[in-house]
Amino acid sequence: MPADLRTRIGHLDLPSPILTASGCAGSGRELAQFSDVARIGAIITKSVTLEPKAGNPAPRMAETPSGLLSSTGLQGPGLDGFLQRDLPWLLSRGARAFVSVAGHTTREYGEVSSRLSDSAGVTALEVNLGCPDAAAAGRPFALDAAAAGAVVAAVRGSTRYDIPVFAKLSPEVTDIVAVARACVAAGADGLSMINTLPGMAIDPVTFRPALAGLAGGLSGPAVRPVAVRCVWAVREALPDVPIIGCGGVRTGRDALEFLLAGASLVAVGTVLFHDPSACSRIQRELEEELTARGVDRVTDVVGRAHQPAAYAAERHTWV
Amino acid sequence: MAGNDRDGGVAPVQVRGTVLTVRRVDAYVAMTVVAPAIATRFRPGQFVAIAVGGPQSGMIGRRTFSIHDVRPDHGGTVEFVFLPREPGSQWLADCRSRDVLDVVGPLGRPFPVPRDAASCLLLGVGPGAAPLFALASRLAERGSHTDYLLGAESADRVFGALTARRTGRSAIIATADGSLGARGSVVDMLPTVVQQARTDVIYASAPTGVLRSVCAMAGRYGIPVQALVSEPAMICGTGLCMGCVLPAVGTDGVTRMVRACAEGPVFRGDLVRWDDVGTIPFDALGAPGWKPKQGTTAAGERTNAS
Amino acid sequence: MPADLRTRIGHLDLPSPILTASGCAGSGRELAQFSDVARIGAIITKSVTLEPKAGNPAPRMAETPSGLLSSTGLQGPGLDGFLQRDLPWLLSRGARAFVSVAGHTTREYGEVSSRLSDSAGVTALEVNLGCPDAAAAGRPFALDAAAAGAVVAAVRGSTRYDIPVFAKLSPEVTDIVAVARACVAAGADGLSMINTLPGMAIDPVTFRPALAGLAGGLSGPAVRPVAVRCVWAVREALPDVPIIGCGGVRTGRDALEFLLAGASLVAVGTVLFHDPSACSRIQRELEEELTARGVDRVTDVVGRAHQPAAYAAERHTWV
Amino acid sequence: MAGNDRDGGVAPVQVRGTVLTVRRVDAYVAMTVVAPAIATRFRPGQFVAIAVGGPQSGMIGRRTFSIHDVRPDHGGTVEFVFLPREPGSQWLADCRSRDVLDVVGPLGRPFPVPRDAASCLLLGVGPGAAPLFALASRLAERGSHTDYLLGAESADRVFGALTARRTGRSAIIATADGSLGARGSVVDMLPTVVQQARTDVIYASAPTGVLRSVCAMAGRYGIPVQALVSEPAMICGTGLCMGCVLPAVGTDGVTRMVRACAEGPVFRGDLVRWDDVGTIPFDALGAPGWKPKQGTTAAGERTNAS
């Protein structure tokens, strides 16, 4: 019998632990050409801001070894556009929407969350703490435990009690566990990690930074070990808080790695640009990996790497 | 699944296509891949996005190439043409017959074809000429005349000169080094050509700088341009990454940052803000400091309504 | 005429800006089988500790996408072994030795530096600040500006004035510029960055962390954008401090990227495991890249990316 | 350059070798590469380290394979044998004749060959058998007898059974599923075999667990073992990365963490602390809490002195 991928987080029931990462699945429509969005665990939407945003100028992207450097600047239709066009479309297709919330002030986060929470069909919120904090000279909220906690408190306070709130953390900090604790203390129901790592590339032809925005965010398989380490460390410190693991997931085996490290859900981002049907494929591969190891339910492996070795501790890979 | 979600076309598919032939054509590599589902959906101007480097590839981005031609053999094949240059296209050039590629297509908005016969100028620079020949056939079916204006650095980089001369009403070639046709750029030749050919519409596929000049010039003559943009490089080709944006005016007069892969790659030349490519114009929807006006929607789908 | 690779840092004259990164060139002997060590800018040695160290148990390494996760635990012969065997060998081959210094206490760093500085043939010191600080529950010195500064002060104070001291920084911090400033204030003549990023991999067969040491350090081309960003940011803040750039350099073009971002010297690490002759090859490629662009001296491009575009700002890559 | 830097051999070289043939041999792939500089330096037990995945490969580590055979054709070729399994070896298996590989070799300490004729047992499990046949030829030149004891999971994974039967004085095969030879492991067969063959020395190439058992058993019979280790995976193969360490006792009685690639891969079986593989023994030089004793040097070069 194939392994059961159904996952329950609090009172949410999802058909699979595989999600799309914020900002990497378009408005859902683009993805739907390649994967049935109703069968993916949930779609984490592009971060929604109050007003429409034109984003950053091009070039916005540079390919790096096994990774991608990007700086889109949260281009999007704004809250009204999202509510009028994107959310209804996702719901019409039977998809579950984890709506990512962004802002430049704690107030903006609260306002967006409150209006989202009044709309039918929002399954959960993810708080993108990677945005520049207007009150701290543009330093991202995620870099400071207190600032991150304040945003989470504002969102939690403006959101219907039955909509879980996940706080999305950045790996660019000396102590990610401290930020995680602050978010949980402020009311986060779960944590999501990681956002992109700050990075930069220089164009050897122009001798200038490759991106118009100078720096960008590094994502893709290159960052996976960093993400797994963050998930592991936070799970070790806060074993009861559900985690969305994210960063460079390319295969079912990569998803398994995050689950073992302590994530209950796994989001796929950059790899969708490489393989637009990655979500369905990864779901299938994960099911196969689990089934091959005699695991009945995906929930049985969550955090398993924190326990003693499950199988032959010694590997004989070549006989 | 999402049959008609995309502007003006059927949905693309992702297939594992077997390489049929890899041929050298002057400086270019022409590659034919068996992909019936792409071939049957194809309309001229559309492109494919190909994963490069094999299963453990360090190259995350797909490589995008205009479809040069489709043929019915083996259920349907797709041909594209490229210059092997950097690692991605080099890897592709090293593929051999029977290798299997991960191909997504057909992608993007095709060239719109006029209902009635017209005098069409097909302008292509380097590999940019590749998508023009399938377009020419389509145009010919509707009784249109096609004139060609092809350019490149040097003779071996002029793609399709022979075909252009054989099938076009006229075919002018310009090379930077004068090794084939006139010495100079297609932009230099444009005024003469449109006059002699009494051009009704220009189809142009060239680097952004050339497209800008062509559109400026055509604007002065009142000739509409359909421009196929192929810069900046596309990471996904499928509209997911938001990497390939340029500023374009919608029919509502509002400037939006639109994706070259999804809203293009073919744009009405007068709607692209060529001088602002690489910037966010201050009056673009959602630009810093921008304030919403009554009746403006953030949706970009009307940018290309023609 | 080929571009001139000679580089002068303070009073040091090096034949090339290409170095080997600490811990990645064995004792020099292994590398010498594939590259002429006298023609490399300098060999940065494995970090030298006071006593011999057996290092960490195996498995010590896991391959990750375009990267490597490692945890060798500074295995090495200790200071005596280094002075008796390794340093004389390097000198006999005409190599320049940048000796990397490690310790668990500020005192140990000082002691190792002082004895190294008494030995003939040490060209420069690099202070590996990535070691766990015994006085701070094993938190690496590099994560704390004050702790890092204290180590640098101890090393600078124990080292002959004519031996330059480079402080090697970790990217695992919220604000690398603050740590850089503290090191320079404490007397560092230059900075070296980056050390590895903390990362982790889980073995999908045993369901346990892939490395015996659980976490490890991520290196290789995967981390290059992070390293380039660090170099850029520090150069922007401290334009007069010489920088050794390091992290995922694979080609001459990658080396050029670091130089443009502001590094005066570029160290090659993990890629040596993939290509043991990488240093000679990268030197050759760098020379070619510079020559092709009409650059006469490598020193002309250092920090160039901080200035307006040098060449055609618009790229036409496909015609 | 550094002609004799490495223990007991000439320095390895890095070459671009052209693939001559890729053959299937039961479950294995046997690949022959033109590499004269490696072929002429080779001594049995040494290995090659190969870069996999092409120029933009995401795979940083080399893949190491024991050299199976060298031949004089094309100036010198090297053959190795492997199971295509995970991405690296799979990529290699997909290479074809005329592809070019980046190969470093010959690497590591070869099998020491006794001066005088002796009765030698060659024990190999799975692909571990590959390096034993070149050793057998060397031994035969010195007048030694060779007996084989080969094992694997199943018949198609027993490498070299035919050659062993043809060229060995005796050849015993054991498979886990009994599909060839006796059912069981080579360890089960060892006591009988060494008794019947009056074995003077054992050459063993197998997974670490098997080597541990073989060395324990041989120790009881007082038979020296030369053991070729091939775990853990080697990242560089050239001694640079310090990844492939295991604890071994030097002739001075001091335990050191030695590199399987540089100090091995062939070790005197009684000097490896098999039960402590995967740990740092508390008494190893430089272990946590370790204190220097008079006269102990950190150099590991005498570990393998035999």
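When the chains are written out, they are named A, B, C and D in that same order, and each has its own residue count from 1.
The working rule: a residue touches a chain if its C-beta (ideal position, glycine included) is under 8 Å from a C-beta of that chain, and two chains touch if they have at least 3 such contacts.
In this text, all values refer to a predicted model and were calculated from it rather than measured experimentally.
For chain pairs B-C and C-D, the one joined by more C-beta pairs in contact is C-D. Annotation: 45 Å between the Cα-based centres of chain A and chain D. Centroids built from CA atoms put chain D at 34 Å from chain C.
Counting partner chains per residue, chain C shows two or more touched chains at residues 65-67, 220-221, 315. Within chain B, residues 56, 58-59, 233, 278 each touch two or more of the remaining chains. Taken chain by chain, the contacts link every pair, so each chain touches all the others. If you check the complex, the residues on chain A that touch chain D are 65-66, 221, 314-319. Chain contact summary for the complex, chain A toward chain B: residues 23-26, 29-34, 36, 51-61, 63, 65-68, 70, 72, 75-78, 80-81, 84-85, 212, 220-221, 270-277. Contact residues of chain B toward chain C in the complex are 56, 58, 83, 85-86, 125-128, 152-153, 157, 206-209, 230-231, 233, 278. Within the complex formed with chain B, the residues of chain D that make contact are 53-59, 87-88, 90-91. Residues 1-2, 5-6, 11-12, 14, 51, 58-62, 102, 104, 232-233, 235-236, 238-246, 256-257, 262, 277-280, 284-288, 290, 292, 297-299 of chain D are the ones that touch chain C when the two sit in their complex.
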